[in-house]
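Alright, structures below, take your time with them.
There are two complexes below, and they share subunit A, which is joined by subunit B in the first and by subunit C in the second.
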Partner chain A sequence: MDRLDILKEKVKEILPEVDFVIGYSKGFDILHPSPYFVSEERQIRNLIWDEFCINNFANYLPPPKRVPNGLFKQDEKIGLVVKGCDSRSIIQLLQEEIIFRDTFIILGMPCEMKIDLKKLREKIDIDYIQSFNVSGDKAEVKTLLEKKTINLDEILYDKCLYCKYPNPLIYDYLIGDKVNPRSREGFYKDVDEFEMISNEEKISCWEKEFDRCIRCYACREACPNCYCQYQCIAQTRRPHWISQSTETIDKKFFQMFRAFHNAGRCTDCGECDRVCPVGIPISKIMKKLTKEVLRLFNYEAGVDEKLIPPLMTYKREEDNIG
Partner chain B sequence: MIKKIPLNKVKNLLDDLSGDYKVFAPVKNGRSIIFDEYRSDKEVNLEKFSVTSIKEALFPSHEAMIKYDYKKDPSDLSKTSLSLKSEVNFDKTVIFGVHPCDARGFFTFDKVYAGNGYRDVYYKTKRDATAIVAITCANPLATCFCTTVGGSPADSEGTDVLLTKVDEFYYAESYSEKGELLLKNSNFSSPQGGVDNEQVLKIKEEAVQKLDKNFSTEGIENKLLKIFSDSDYWKNATSKCLSCGICTYVCPTCYCFNITDEGVMGRGERIRSWDSCMFPLFTLEASGHNPRARKFERYRNRINHKFSYLVIRNNIIGCVGCGRCIRHCPVSLDIREVVKGVID
Partner chain C sequence: MSDIQKDIQNNDSNIKIIAFLCNWCSYGGADTAGTSRLKQPSEVRIIRIPCTGRVNPLFPMKAFIDGADGVLISGCHPNDCHYIEGNFYARRRLEVLKYFIDFMGIEKERFDYQWVSASEGQRWQQLIIDFVERIKKLGPIGKCET
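So, the complex of A and B:
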């Protein structure tokens, strides 16, 4: 039985216990699956699972985001499909005690890989996509205008290329067999290279990127860790931390404090980067943070629920800070 | 007037135009194509769909309405004087290389900011000084639905010049005096023996044929009012929404803004900046009450605004079917499906 069939069976089994299950269904084309809320058995057949099912459903869990939005009830129980990387977001939220384990059921999906549409777009005009078929380590991609064979390694998300946790670290049910992790060797290569350039170059590089930011806050809303809602200081008037203008400096400032608020909490899920409509490589900033947290505190966010995140505690003498 | 211009002369044209006008065009910025002010060192891309719409040109993501300066009288510190300055931008502008749907987007702005009631001087001044050069959209995308909401990939409404690509040329038709003036540029030449008019017509017709009508907008304004209180419908339709502002910010017709004073030490600007009805803060009142606290209420408002309120009040559908809100939505929420659900 393939993973999708096992998933469907399991959703059917747990549906009576929960208000709904969040999975993936077909979107407007084959590259854009859409989150799907299953509350009735007849909906189960619409569930899908492929290399484009990318959304991190942990983002639907924090009550500050969820309950005022009025979709769900305060006391509801939900089920959700969770990939390895997404499970780290859940662990992080549990550590922050913003969500509670008995209010949701995790359907853990071991995950081979996901395709980065921004990378794929560099190879082929995906606006006119017709088919995408994986065979071995290559993909046959057909669009209205052309046909190409592309090496998968060139179009996977960076987080997938170096995936250390393809299997959920926390789950109620594991759907299908586990997947082998990949080597982390080289994961921080791009950050290491970026560190080498001069400060002036770094500043000008980010100014170029943030120039086109439209301040839509999709990065924030797609981030499971960003649940301040309208108390987010990006928009508050009191305190008046930041101008509402779209000058590059204000936009850069917003992203920098969002990054710092995520220090030691970010699990590199990459959603901020994925959802950015103008393709700002936000995950590079977040990756730098996770790298520093690893170096300073020997800590990876969202890996072990029992640990206290380093910036949520206090140590008189830090081992690596002096 | 009908003219033609070889593809490889477009850059010359833009360089010429940017001498006399402020020129906006779809340019490459990082990995994205966005609408931005043209400079000769920027790479223009007229083939792909830009992420952002052209509204930035006439309705900038932020603009100063007033500059203010409070000054203390050095001889009597209890006295303060205030100086106010307001500048309205009159620059002659050309918006180049837009899709016909984008050009139509300004019709909604016109009704609201330059119609019979309120006149927004910041918008209206720019609008009057602007010419639009659109391109026939020969290969619409899966997310396009302009024909459903009254437009067409070869629509000349709202444009001053419409370009249609035929082989190595753009075939240029002017639809206004502003357009004729643009076609006088020496990079354009007469089409005799060059581009065949029938070929242009064929390309336009084929483009229209590539699009299916997704739903009928007949009576949609009342259907939406009828389903207004069906919370379950709206909750189910919008449960995946993340409440970010992408759909409203990439939309060529969303015109809402916020006004804030931005300054230090008594000196600064009163700016208006884009605001989004998808944000809870949009309707949060000083008392703490929020009439649209829940996201299904916010999304319902967006749909109703475009397909009902504007239709009733201004006799215009506030959606041009460009499909950006679908294409760029982080959860692929499809406005067509939501509207279709109302009609069924």
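So, the complex of A and C:
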């Protein structure tokens, strides 16, 4: 049986227990599935599962994010479709005790790969896409204008190319069989390369990147770890950490503190990168932090619920700090 | 004119260094250096904080963004913290911060954290002189750097 059929059956099974289940359904084209709230049985047939279902649904969980938009009631129980990387976000939130395990049901989806639309767009004009078929390690893409066969390795997300946790680390029901993890080696390649360049180059590179930022805060909204909402210091006037201007320096400071607030918490889900409308490589900053945390404290965020995040604890004699 | 005033007048470097000193140890250390008339560079602006554990990593970051050329954070030696564990937390945060700002284009040499106790006036003097020398060599922070 196909993974999607098992999912549909499972959703049908748990629907009486929960208020609704969040899954994926068809978006405006095949490349953009959108989050879909299943609350009635007839909606189940609209669920889909393919290489483009990328949204991290852990973002729907933190209560501070739910209250203002009024979509959610208090103490309701929900079901979630969760990929391997999303499950790490959930574990991270559980560690912070911002969410509680008995308020949601996790439908764990082992996930082979997801396609990066930014990379795909470089290969082919995807505005008139008609079909996308995967066969082996190649993908056949058909648009109104042309037909192309592309190597999958060239269009996968970086996090998928080096995916260490394709199977959810926490789940109530596992949908289908587990898949094999890939090697992590080479994941920090771009960070290592960037570290090697001179300081002037780093400055001009970030200058160029942050100049494009329009301060839409999409990165913040898409990040499951960013749940400060109205207390986010990007917007508060008291304390007034940062001006509301669009000067490059302010935009850089915004990204710096957002990144640092995620130090030791970021699970490299890559949502910030994906949602950025101007294509700033935010996940490169995040990756740098996860790399440092791994090196200094030998810790990976969102892997073990029982561990304490490294910046919330200490050792009298640190192993890697001189 | 006193030596210090002369120093300030002759000082043509436009370098600004912010030092966050813990009230219980390093601030006392700097005070000891002062009372024993040990000369200290005039480029340093000292901010007194209750404990290094109070240092939000955003403090040094904001200082750099607002144009400081160097930031020094100093507190009690590990195991000597007035609040038992403040500097242990600080040590972890600041270590991550050091490598992080380097990645963002602020050299990690501009940032340092040290442990100075209240009796170590001499050590404080030596440390701050070295630090100012180091920053002077690096020069003022680039405009786009901030």
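Operating definition for what follows: the second predicted complex is superposed on the first by the 322 of 322 C-alpha atoms of A that agree within 3 Å, B and C clash if a C-alpha of one lies under 4 Å from a C-alpha of the other, contacts with A are read in each partner's own complex, and residues count from 1 in each chain.
Here is the rule we go by: a contact is a pair of C-beta atoms (placed from the backbone, for glycine too) under 8 Å apart; a residue touches a chain by one contact, two chains touch by 3 or more.
What you are looking at is a predicted structure, and each value in this text was computed from that prediction instead of being measured.
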item: Which superposed partner A:55 touches (first subunit B, second subunit C, both, neither); value: first
item: Dominant contact partner of subunit A by residue count, subunit C or subunit B; value: B
item: A:211 touches, of subunit B and subunit C: first, second, both or neither?; value: first
item: Which of subunit B and subunit C A:249 touches, first, second, both or neither; value: second
item: Partner chain in contact with A:292 - subunit B first, subunit C second, else both or neither; value: second
item: First, second, both or neither for A:28, with subunit B first and subunit C second; value: first
item: Overlap of the subunit B and subunit C footprints on subunit A, listed as residue numbers; value: none
item: Subunit A to subunit B touching residues, read off their complex; value: 27-29, 32-37, 55, 59, 68-71, 118, 121-122, 125, 127-128, 144, 208-209, 211-212, 214-218, 220-222, 229-230, 235, 237, 243-247, 271, 274-275, 277-280
item: Residues of subunit B touching subunit A in the complex; value: 29-32, 34, 36, 48-49, 51-52, 60-62, 139, 141-143, 235-236, 238-240, 242-246, 248-250, 258, 260, 262, 271, 273-274, 276, 279-281, 284, 293-297, 326-328, 330-334
item: Subunit A residues touching subunit C - in the complex, by the definition given at the top; value: 191, 194-195, 199-200, 202-207, 233, 241, 248-249, 252-253, 256-257, 259-260, 263-264, 285, 288-289, 292-293, 296-297, 310-311, 314-316, 318, 321
item: Residue ranges of subunit C touching subunit A (in the complex, touch as defined); value: 57-58, 61-62, 65, 78-79, 85, 88-89, 91-93, 95-97, 99-105, 107, 142, 144-146
